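What follows is chain A paired twice: with chain B in the first complex and chain C in the second.
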Partner chain A sequence: MNPKRQNTENKSPQGIIGEVIRGSTSQFETQCYELYKMPRLGTLVVSDDEYPIFGVVSHSVTESLDPTRTPRPRGPGAENVKSIYQENPQLQNLLASKFISIIVGYIENDAILRKLSPVPPRILSLTRICTESEVSEFSSNFDFIARLLNSTIGSPDDVLASFLNIAAQLRPNPEQYFVDAGKEVATLLPGQMRRVNLILRNSSI
Partner chain B sequence: MSLDLTSTSKQVASMATNISARENDRIKRIEVAKVVARGFDTKLYDSIRKNLSELGRSTIVINVAPYKTFSIPKLPNNLIVAAVDGSHIDVNRHLAAQCFLINIGSCLIKYGDDAYATLDSMPKLYASEENMVIKGRDNRLQRIQGSVLGIKRHIEELKALAALIRDLPKDTPSSMFLDGTLFPVGMSIFPQFVRNRFFDEIDGTMNAICQESQNRQMSILAYISYPGHSEIIDALRLTICDEVSGSGICYGCIEGTKDRDLFLELLETGQRSAVFVRNANLSQSSISSDIAFFYLHTGNEIARIEMPSWTANRSDIIDLAHASCFYQSKKGSGYPTVLMEAHEQAIITASDRDSFVKLVELALNSNGIITRTSQKNISKRVRHI
Partner chain C sequence: MNSDERFEQLKRNVNTDNLWSGVIVGGSLSEGLEVRLTGDSSIEEVKVGRLVTIEGKSHRFFGQVSDVLLETSDRNLSSHSEEMSVGIISDVIIGTTAYGKIKIQPKLSVEINEKSKTPQAAKTIPPHFSKVATASHADIELIFGKEAPGKFWIGSPLDMETKLCLDINEFTKRSNGVFGKSGTGKTFLTRLLLAGILQSGKAANLVFDMHSEYGWQGYSETKNHQVKGLKQLFPSKVAIFSLDEEHSKRRGLTPDYVVRIGYKEVEPEDVEILRESLNLSSQAADATHSLQRYYGKNWLLEFLNLSGTEAFNMLAGQINVNQGALSALHRRLNEFRRFEFMDADSTHDSVNQILRYLDRGINVVLEFGKYGRDTDAYILVANLLTRRIYDRYAAYKERSLSGTGKEPTPLVITIEEAHKYLTAELASQTIFGTIAREMRKYNVTLLIVDQRPSQIDEEVMSQLGTKLVCLLDNNRDVDSVLSGTSGQRKLRSVLSSLDSRQQALVFGHALPMPVEIRVRDYGTSESYTSLGYTDTNKDKAQINKDKSDLFG
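Showing the complex of A and B:
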């Protein structure tokens, strides 16, 4: 299986991976149920509330749940990181994996709108990874590209490149998808051909 | 105005000079204690104990000489360690509602196959009259606050430990940790009816723990970091000091030395001392207040491990406690991980305490009660110039 493809093989039947712990109209943060089980950069997720809100994973972090307690090294002497977790099972309870998603759209009256959500997702809304058909449908229109490029979270160009890569893999002709997306990116970044080329190069890797 | 550190530092410097002047004397006493421990005669000590017992004086049972050391045993691959710890918010007379809160934190870690951990905290509010007062048969009353609440919290920790044990699988060896002493200290200042009530509760809980642990390979232990006890030193003094034995005056033997100073000299990292027993009552043994204890060199310090007296002759249980304490301390960089995590679950921060006060006031207000507080409390909150 191509690891870069949208991961839809989750343990949860609905692909639910966590809950929203912070939300605004431009982004939302999800805390994962399982440590290190965060989606890859550029993955399309949805905050499955009454009004589903789409987001693209732009930044993820694993850190101590209690900001006043920082992890300390367990070595020297440890064989590998797996053995450290095996010998310190409480780490699973003390650390948390979180990720921030840039809001790129929402569903209203059964239609996907590729723009900022009028309201933030509710705290503790369930976050799930979108299915391949949802990603295909969402990425069939390039209105989301401007949202990603204008974001101030993480590295927007890399996030866009990762998302385009995932979306292209789902199409019968990925090369054509890159060409079409490249035209949109070039339009949005006039006079920045080096930046456009870098995005396209990264997305097709 | 904050603390005048300039003035304080002069006094601190003077204190440090005094301690430094006494340090050589302290080191000499430890050396003497070491020599006395190495020449300890258990038969001589037994005869002294017997004499003192006839005079009504209780002393530590020492069946194996204090200089004997025991190397670290093997720890089972599959092991459960669990701990409980507590903290509380005391009654605040400046508040509109008279109440107190006990928060019991717990941590359970399963090592080996299918390793996992569970962390939990259980806050309980005590606000009704019957929950906040201990009544004697002659209608005497003791409000549960201050040091009385400290003992109440200790008992709640014991009960939480008993509940934790009940849910454990019986086929996995386990070590159950408490922080501090096994039997609470400082009860002697309370009226007899309060002591009786607490003693009954501890007795009932320890009996339940004893019953539950009979069919298991389980060590129940209380871990004391940097202990200030001097029970073994006192026992050694009985064999060398004329003043203690009543035949003369002390010429400066080993008085003032702590057990931890002695065992830091006698033990190497991972080793423990022999197991000693303290009987609280000469006339009868008690499941709740009699304890067995040993000292352990964790690598960072000497820790005192207290266990129920019924485990004193169970070498397998002593070994389990020994190994569990050492490896837990090692994992926790000097202090048992499981206790540290239970403490983190129990802790009530200054911010939590403020939130608790606001919660109480909000709840009272929403029930139409005007929350009055003292002017002193208001002045502390506002802090105007």
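Showing the complex of A and C:
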């Protein structure tokens, strides 16, 4: 992965899926440009700014843009959900898909640091899905696992399982990757072997 | 860098079988250190007895694996064992929650920055998280020394192909013992030790070779073939004396000297030592002293020639001994007449002959031939000859101390079946007991080869400097061999796990720490060459070839 910002921007402009609308040092929320086009749980994303900040998608939601105008059913009579959206094109502008990413690292001086970002991402920073090589490089060290397990957003175990699943598929020997990652998880969760087992089972499905 | 240096470098780097490593997580000097194996180490590769090094902050420690354990940090793990034993989770748990632990007994330490790198007994322990790894060739050399004159390669530590050396100089300073059940390789080990002593030239050997195995041809039970004896390997340094000339000749050997013993040479002490095997009462044994006083030097023959009840009655009255005891003694001593090596002639010179060879640094092996099967003959001859040699050595030494003579060459006397005459009752009376206890001062030491160490007098056992122990399974034997050594319990577990062949536990004076070894090979042509043997036939063939090349 080339950590320089302008390069990564040039490399995959199509990977940009939204902009940061809320940010802290431990997590940031992105609103997607397109309704329902949020990344899957456990996806590694990066908010590209001066300091690119890595996050793992941990919780996503689609809701009304205006909290005072909650959606109401359009039926009865509609054949399926697709037809409802076709008949009500304004929905695209009234609803928004958002997702929260747990910050798992950032880039400073061309090096990936797998820890909390020292400053939150700026609002309206562009968020994009990381490339395979970025995921592969980021997941080559297991320091991020503790950050994911300690988070209070969503279900950390499932998020971790999804992330490991994605990362393992990029490796020639996914099984070995699960074992190595599992050892790190087991060390972090002493006395909770059934929980570790569940994470591993979910990740390898 | 020349090739030697490169080889040394290579040896240091290549740690033959560095299959496991670990870190110190606890323990004590007395109970041993606890080491957690690193995740990628295979517990099955860790063997009890393996030598290890521990890198402390200012010291390097050397120790030995004394136990291997399976541990878990999660007490509930066993209740979920079924769930945890399948799939990826089992691989995950092994090395993390469930891990291998070993116990290490620290033995020696050496200061890292110290110039003289002589390992000392460990008096402290390394701190937490010190790294533990299997000892390398260089470590073994540092502890036991390199193969050199005076350092004899005796075998290799278990699971390692490194030459482990014994300090022959230290070895010959005290009496030593080779113990083990029958068929565990005592004879091979002893033959090697004798070769080592012989090679070093530090001492001369006198071997009372009960079963004719050391001097000229032995027999390997495992490989079913003949192996060379000392005389065949070192023809110019070994002389073979024989009690049974015919037996020697049958084996294709012309002995250097045929030992004969005159009846006049037998003294009451020689009979006393046989009390048990001849089944004599103490009264009968004591009577020998009276007989000697009565008849003088030739007491034995005169007594044996006595016949008729009348004569017995008269003699009993004259020397004031019970007539029954006297005739019992007569009956038993008549056994001596079977011994063809005994005769009425008094001009025999066996002791002087032996000493003459020994003085020249030539090793003497006394073959017993058919008398090897007769313990009485063995004990009688060994005791009789040794007593005289003892007297000479004591005289030599005293002369040398007073400055009028040279220091006698140290002598190592090898004796077998010691449990028959070094028992608690007899040890104090026999010359061997005396040698074991004090003859070190007179440059004479014993090499005791035995299978029942528990029968040997405790005091004698306690005086042995170095013990080489092959497999022993009788508890009393193990106790007696290990008595007085530190860390007995651990050594006991090492001892009981020895193979029944070619393995031995070596500990004591000549070694800085106890070590379990695979005894060096003996019996193959490479093993002979490595002992310094050159095939004279080959040499002759080479000379003939050279001759024909030169002169056509």
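Note that in this section the second predicted complex is superposed on the first by the 191 of 205 C-alpha atoms of A that agree within 3 Å, B and C clash if a C-alpha of one lies under 4 Å from a C-alpha of the other, contacts with A are read in each partner's own complex, and residues count from 1 in each chain.
Definition applied: contacts are C-beta pairs under 8 Å (C-beta built on N, C-alpha and C of every residue); 3 or more make two chains touch, one makes a residue touch a chain.
Since we're looking at a predicted model, the values are computed, not measured.
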| item | value |
| --- | --- |
| Superposed partners chain B and chain C on chain A - clash or fit | fit |
| Partner chain(s) touched by A:204 [first = chain B, second = chain C, both, neither] | second |
| First (chain B), second (chain C), both or neither touched by A:66 | first |
| Partner chain(s) touched by A:194 [first = chain B, second = chain C, both, neither] | second |
| Chain B versus chain C as contact partner of A:186, first or second or both or neither | second |
| Touched partner set for A:152, first chain B, second chain C, both or neither | neither |
| Partner touching more residues of chain A, whether chain B or chain C | C |
| Which superposed partner A:109 touches (first chain B, second chain C, both, neither) | neither |
| Partner chain(s) touched by A:89 [first = chain B, second = chain C, both, neither] | first |
| Chain B versus chain C - smallest C-alpha distance in the overlay, whole Å | 50 |
| Touching both chain C and chain B, counted on chain A across the two superposed complexes | none |
| Interfacial residue positions of chain B with respect to chain A in the complex | 107, 109-111, 115-119, 331, 333, 337, 341, 344 |
| Chain B-touching residues of chain A, taken from the complex the two chains share | 66, 69, 72, 86-90, 92-94 |
| In the complex with chain C, residue positions of chain A that touch it | 175, 178-179, 182-183, 185-187, 190-191, 193-194, 196-197, 200-201, 204 |
| Complex contact set, residues of chain C against chain A | 39, 73-77, 80, 83-84, 87-89, 91-93, 95-97 |
